[in-house]
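The following pair of complexes shares a single chain, subunit A, combined with subunit B in the former and subunit C in the latter.
Showing the complex of A and B:
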């Protein structure tokens, strides 16, 4: 019997969700890119317009399904639908974005349903390109309002770094499940 | 052995323009051990360390950062050096040269503490501990046990006794993690009140999804 564990990858456009899933997935990522017409939000040529999909098959038939949700707010209905099935959230933030701290608040608010029954980690990407203190500010914001959510600096293309992120998330997912069973 | 520095006869003065070398380090101490001692003593003055065969390491306690003029990847080797001079410097911080890298001071103490795994843990068994901040694991040397212990502590202040009882990890692993995390400030002692009103301690899950994942990815 297969048991699946759904992990969502969310975050603003250009934060590295597709790259992160590609780094982790054992199968080529099913990617749904189209021409980016919102150049004010991101200078990327293409953007995800449906769900990216990747997976990691574990022993005994367990599968971790990795879903990358599109980052634009008009896809909010997709975020809502997927939250009930997911056990964990990887929120990727772009250190070069206009206001990564605002993105923290925005996305964690929209995924609060998932946070009630699951766990989350935050990865801040492109910190080597940002002149600001984006990582430190995101850490401070999370310590204020979501002290149980770890935040890491990552290169979303780097498999080793994404494995660390995923390991931390699964650790917290298990702790959360044990807590919920105990209460 | 470390280059011996001139004993400081002037006591602990506030920063002035003059630089002065700190009291002599123990002859057999690696730089990592010296930094760990400085961290425990809550040293206040910014420091410059000249490390033979490596270069300069500056610790800016007022900025909570450190700076090196050699690649950060060489830092673990540099910290095992026994030939170095530690000098107290003023609070004025020059703009780092382009080839210098600037990083959080917590990372430096964590990296240094990884070399002191055999240090005895000087901590009462029932002292409540909390996780103040997760180490930036993707950028720091770590083991999977460190991630598991952070997960346990996340949202649940615990004592050393409870960590031993509720995890599947060896006392040596737990001690090594706590030595590093306490030195870096990632784990802190909390008040008895904080521990009293905290959520119930949750045992570390054994096996399960995490173990399957670790087996699959070969962590």
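Showing the complex of A and C:
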């Protein structure tokens, strides 16, 4: 029997979570978009307020349930609700954000429960638009946090890139499951 | 028409606050009322001391958005209201009609009130606020 995995897509507002799930999903995405009225936080028109839901079947038959969570801290209760069910985390970071390194600390801290029993990968988006060394700084910071979190430069709208990232995550999840079984 | 800027205007917020105050004062068993934007930011609130407007606001927008996702999935058009029926109280969430920026009114009530009564009162005030908005 093929197994099913719940994977969360988290990260700050505008990092590309909804775009990534839209690119990956083989079913019509369930979305909960509302008009963004907090224009000081982001200029984007809409924002996810509950979750995005999509689904993808990998080549080996694994069904992956993809949940995107809102980026704003006021929706932290959604993060808590979903991370108990998830086995993996895709953390998307926006290289053009005010301080992507601070975002690394913030989100790894909020998803530490998931990191304890699951695995994570990081995708840094919009690196082509960032004039600073955002990607290198994120990598350095992640090395300080956890030695087994791979980091990718990605375009969240690009299905092939997101499949690579997701496949890496599933491999890590399976390794983690083997580890936990052995203990 | 309502815009994101309008929801942040002091005049608009004062008008909403007064409407919520009346809703809580005039409806037996209604304990809290909170008006939030579709993305979960508080516009006005009349709350008991131990209730956080920011948390209730964010949860209201999430639950209402899930209701909208389900009605859309089932081809029922927009979600007008959501009812959460707890063992010792209930919560009704009503979307305001005819506003460009989505607004949701959340009202909680104790067992002293009927869910139908709270829903009726919430809808009345939602309509009243919408009418005032259209006129400004």
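The working rule: the second predicted complex is superposed on the first by the 174 of 183 C-alpha atoms of A that agree within 3 Å, B and C clash if a C-alpha of one lies under 4 Å from a C-alpha of the other, contacts with A are read in each partner's own complex, and residues count from 1 in each chain.
Everything that follows uses one rule, which is that a contact is a pair of C-beta atoms (placed from the backbone, for glycine too) under 8 Å apart; a residue touches a chain by one contact, two chains touch by 3 or more.
Remember, it's a predicted structure, so these values are computed and weren't measured experimentally.
> When the two structures are laid over each other on subunit A, do subunit B and subunit C clash or fit?
fit
> With the two complexes superposed on chain A, say which partner A:145 touches: subunit B (first), subunit C (second), both, or neither.
In the superposition, A:145 touches no partner, neither subunit B nor subunit C.
> Give the label of whichever partner, subunit B or subunit C, reaches more residues of subunit A.
Result: the larger residue contact count on subunit A belongs to B.
> In degrees, to the nearest 10, note the angle that opens at the C-alpha centre of subunit A toward the centres of subunit B and subunit C.
160
> Contact-wise, after the overlay, does A:174 reach subunit B, subunit C, both or neither (first, second, both, neither)?
first
> Considering only touches as defined above, state whether A:50 meets subunit B (first), subunit C (second), both or neither.
A:50 contacts subunit C only, not subunit B.
> Contacts for A:116 in the overlay, against subunit B (first) and subunit C (second): which applies, first, second, both or neither?
neither
> Identify the partner contact of A:74: answer first if only subunit B is touched, second if only subunit C is, both if each is, neither if none is.
second
> Considering only C-alpha atoms, give the closest distance between subunit B and subunit C in the superposition, rounded to the nearest Å.
Across the overlay, subunit B reaches subunit C at a minimum of 26 Å between C-alpha atoms.
> Both subunit B and subunit C touch subunit A; at which residues?
none
> For subunit B, which residues are in contact with subunit A within the complex?
For subunit B paired with subunit A, touching residues are 104, 133-134, 136-139, 142, 144, 147-148, 150-152, 154-155, 199-200, 202-205, 208-210, 212-217, 219.
> Can you list the subunit A residues touching subunit C in their complex?
30-39, 47, 49-51, 70, 72, 74-75, 77-78
> What does subunit A use to touch subunit B in their complex?
5, 56-60, 62, 64, 123, 136, 139, 143, 147-148, 150-154, 158, 160-161, 163-168, 170-175, 177-179, 182
> Which of the residues in subunit C end up touching subunit A in this complex?
Spelled out, the residues of subunit C in touch with subunit A are 4, 7-8, 37-41, 54-55, 57-59, 61-63, 65-66, 68-69, 73, 101-102.
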